[in-house]
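Handing you a structure now.
In order of appearance the chains are A, B, C, D and E, and numbering begins at 1 in each one.
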Amino acid sequence: MAVYQTPDLTAASFSADLFGLAATTVLLLMGTAWIGKQWRLPVVLCALAALVGVGSVHEAREAWFAGQGVPVVYHYVGWAVSMPLQVMALFFLAGTAGKLSAGLFWRLVIVSMLMVFVRYLGEAAFMHPTLAFLIGLVFWLYLLGEFYFGRMDDVVRSSTGDTLRRGYFWLRLIVTIGWAIYPLGNFLTAFAGMTDDGSISVAYNVADILNRMAFGIAVLSTAVLSSEEKAGA
Amino acid sequence: MAVYQTPDLTAASFSADLFGLAATTVLLLMGTAWIGKQWRLPVVLCALAALVGVGSVHEAREAWFAGQGVPVVYHYVGWAVSMPLQVMALFFLAGTAGKLSAGLFWRLVIVSMLMVFVRYLGEAAFMHPTLAFLIGLVFWLYLLGEFYFGRMDDVVRSSTGDTLRRGYFWLRLIVTIGWAIYPLGNFLTAFAGMTDDGSISVAYNVADILNRMAFGIAVLSTAVLSSEEKAGA
Amino acid sequence: MAVYQTPDLTAASFSADLFGLAATTVLLLMGTAWIGKQWRLPVVLCALAALVGVGSVHEAREAWFAGQGVPVVYHYVGWAVSMPLQVMALFFLAGTAGKLSAGLFWRLVIVSMLMVFVRYLGEAAFMHPTLAFLIGLVFWLYLLGEFYFGRMDDVVRSSTGDTLRRGYFWLRLIVTIGWAIYPLGNFLTAFAGMTDDGSISVAYNVADILNRMAFGIAVLSTAVLSSEEKAGA
Amino acid sequence: MAVYQTPDLTAASFSADLFGLAATTVLLLMGTAWIGKQWRLPVVLCALAALVGVGSVHEAREAWFAGQGVPVVYHYVGWAVSMPLQVMALFFLAGTAGKLSAGLFWRLVIVSMLMVFVRYLGEAAFMHPTLAFLIGLVFWLYLLGEFYFGRMDDVVRSSTGDTLRRGYFWLRLIVTIGWAIYPLGNFLTAFAGMTDDGSISVAYNVADILNRMAFGIAVLSTAVLSSEEKAGA
Amino acid sequence: MAVYQTPDLTAASFSADLFGLAATTVLLLMGTAWIGKQWRLPVVLCALAALVGVGSVHEAREAWFAGQGVPVVYHYVGWAVSMPLQVMALFFLAGTAGKLSAGLFWRLVIVSMLMVFVRYLGEAAFMHPTLAFLIGLVFWLYLLGEFYFGRMDDVVRSSTGDTLRRGYFWLRLIVTIGWAIYPLGNFLTAFAGMTDDGSISVAYNVADILNRMAFGIAVLSTAVLSSEEKAGA
């Protein structure tokens, strides 16, 4: 392994992100033993999103150590798996409050996979970058639309659990704010011709604190508190 | 590790497949704690099929990074273990509905192992490729025959559980459609003289979404829903 | 890692053996949760034998990739640990039917360790190969004698459990037939001067399907069925 | 891997630290099964702090083997994750005695992260070292203030559990004494221009016995004894 | 990885030791689920001692493959962690029979750590080898004194459990006989100027069968039998 020096902020952010994601993965997997059975699936899905993050951040860091910047594809392979997992986590969390249709499930999973894939096609110049950027944006807005105005919002709103409502509110906020970095990064590298000299990777690594760590921990907290609420009721 | 660049779609598909299989493995292993005891064996077998996928995809990716295409043997070593595991998973899932004979079990396991092994012999030119291709095809058709017209279908059809019938229907469909890529790939490389410049690996990696991930998740869903059905009844 | 080509049957058999042993290990470890408490120890011991197989096969494969054939010592280091484990598994399985003496336990463990160690001494020419071969043979026959005519057979024969009797019958058969490959290989390499150009490793890898995988799965099946028998009684 | 010689005390201390942290991680993770449910979270957080230590010590050791001293950043990436984890562990341990506000939680987490980050900025000369040192000191004193005079101390003091009071007392002492090495190291390297020829790493490795191992074990002991106290009451 | 040849007994003993320790670790960790709660801690501590053995033997083997003999420090880093763990295991095992003082605990832990550390100082010539050897000897004799004539012996002797008395007897014997190899090795390398051409490592590897494997398994057996004794009573 190459040795990095103290002022190499990119390498430092990769390492800290790696440790943070590994800790999040183990915490969430342990946490599945602490909650009621209907909340286990969303928590495990968040753990898997963090686990996939461990893998992809590890490889991106290796690429950085090889000294040629980090090709954006290293981020996309991780998102291609972790984003559908997180969307599913949100779906099943909302699903603890009431019945959601299988059609909605498939729409969310497929749109989130396509969102990542289309952006990748643009980055790799397999598709016109502007077009790919715009399609990716539309997919992201569709997901936000479902989270804010779709059936999931209805079901959560009509739920009797205060904790679930509050949890869903925060998770949706994380998806709205935190995930905004991805179209932005997509815009900068595919569109504005910027290449990653490390600074974009730093931004993605910092964003992981919100998008993969805080997201998973918020799901676990919601699950723990909802389980207690239910047991207490 | 070699660093791959953004337009290297083959490497990207290997990495995403690897992460997806790892996530599937952990999900299914965690999931065994959520289901009734008779459904645990099929779920664990699917987890093992995904785990073997993690191993073989990892090695195929290394071969790709070494820059010489991916020798087809890398795929066959994985299938040699994961296909019998999946056939067993289907057998034991059907077996939750009624008694199946041990003879059927051994026929399924041995035919699925031979199917992969004969195809490999053809690919490696240890056997005449046309002959190997045809024998492999016969074995595949035999397996489909058992799934559609054999004792397993009878037992599932006479089952009282709606979930199991629906689950078996979808799993059989995955095996029919998804596994069709393997004789096709066998035909192209062993028969039509095509070598793998990466595009065949991409196809196999995409097929893994259906054959190793969706298959396992469908078994887990069937098991979870059947367990609830039974508990509720 | 070196890349191997499709016709390299030895490498392919190593990889498939590795995946099969890994899957067996995980299956048996998961399986300990499905069985009555007296059957857990034999199942875990078989899982450990498979785990040790993962380690030793992995290293033998590395040696093969380094291109100099596989020194036989790579097989012996694995057997030195896994054979006593399997003998213990058989001992504790028989021990579920009645009390067995601690003296028998120690004789079995020590003889099985010596059997492997003496053969190794012959292979490494630390001892005269013929002598080592013959001593190893005597130790093997002693083990078979205990399994067929000793106290373990008595105890199993007088057991009320049909499943246990049938399981013991099959396991003893695996040990009789499957383990016969080890004196044979010992004879060929240490005695008849054959060196391993890969074909002996292929034979050992194929034998692992019987000796380490089927053996462990037979122990798990016996344990599962005996647990149900007992719960049902 | 480079081979180190017997008089290389730095390498020896890295290896022993690594093994000690690995053992601590496994012990604490196993230990979560032995305690009441309210004590599981602090114990898991300490396990994660040790796990992160395994990762960062492993990498620091690699850097040492590469023969160029250990850039201080290797320590900081570990602390950036493990210190907030330990502060959270203390928070949730105190929280078993009474309600603590979410605001306090966020202040503790953010201050502990900033403490490490500001020190790193000083070490990397991104910020004036003196300024960074002083700000880091203020953050540390703030944390100590919360532990000694804040709400956590009140809650623990009013607790009925003797064990908890004693545990909190010792943990606070470890944080006070053990963590004093970090501003000291910061002072020496960033301020007094010392570079790490191995001796500072030895000091950090020895400090880990107190800060990451004894700390976690003290939390586990407190949890085990408190669980028994409660069960006995 | 370097490939070793069949007559390389040192490499073979390292590999077999590695597999044996790995199997012991997994067995003991699985075994914690089979025993009463007061016996879990000593069993886990023995598992950790074996786990640390896996790590240190792995690294010593790497050093051996690098072709320069095995610097003794590789053994000491493992002992520095595993010996205190085993002493603690014995302490907590005796502690199941009656109350032992915390002071005794600290004396045992600190003396066992110092014993290893002082010997290392002698080996590395940081301290006069004769002096270090003698101090190490005194520490070892102190530990034996506690085991034979101290409070632990009293408590075990007055225990009602036959199993515990027998287990303690054997464990103390292992510590007496098995650990005698460490001062002997210390004497030979630090004192008599012998360097390790592999033969000392073979001796340590063989001793591990007694000191790390049989020791842990004896603790597990004692725990299993004591749990049954108590449940039966």
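By our rule, contacts are C-beta pairs under 8 Å (C-beta built on N, C-alpha and C of every residue); 3 or more make two chains touch, one makes a residue touch a chain.
Just so we're clear, the structure is a prediction, and the values are computed from it rather than from any experiment.
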Both-way neighbours, i.e. chains that touch chain E and touch chain A: D
Fraction-based call for chain E against chain C, same above half, different below: different
Euclidean distance of C-alpha centroids - chain A vs chain D, Å: 28
Centre-of-Cα separation between chain C and chain A, whole angstrom: 46
In chain D, residues with contacts to at least two other chains: none
Chain-level touch network, classified as line, ring, star, complete or other: ring
Round-the-ring chain order [start: chain A; next: chain B]: A, B, C, E, D
In the complex, chain C residues that touch chain B: 1, 3-9, 11-12, 15-16, 18-20, 22-23, 26-27, 30-31, 34
Touching residues (chain side chain B, partner chain C) in the complex: 29, 32, 37, 40, 44-45, 47-48, 51-52, 55-56, 59, 62-63, 66, 68, 71-74, 76-78, 80-82, 85, 120, 123-126
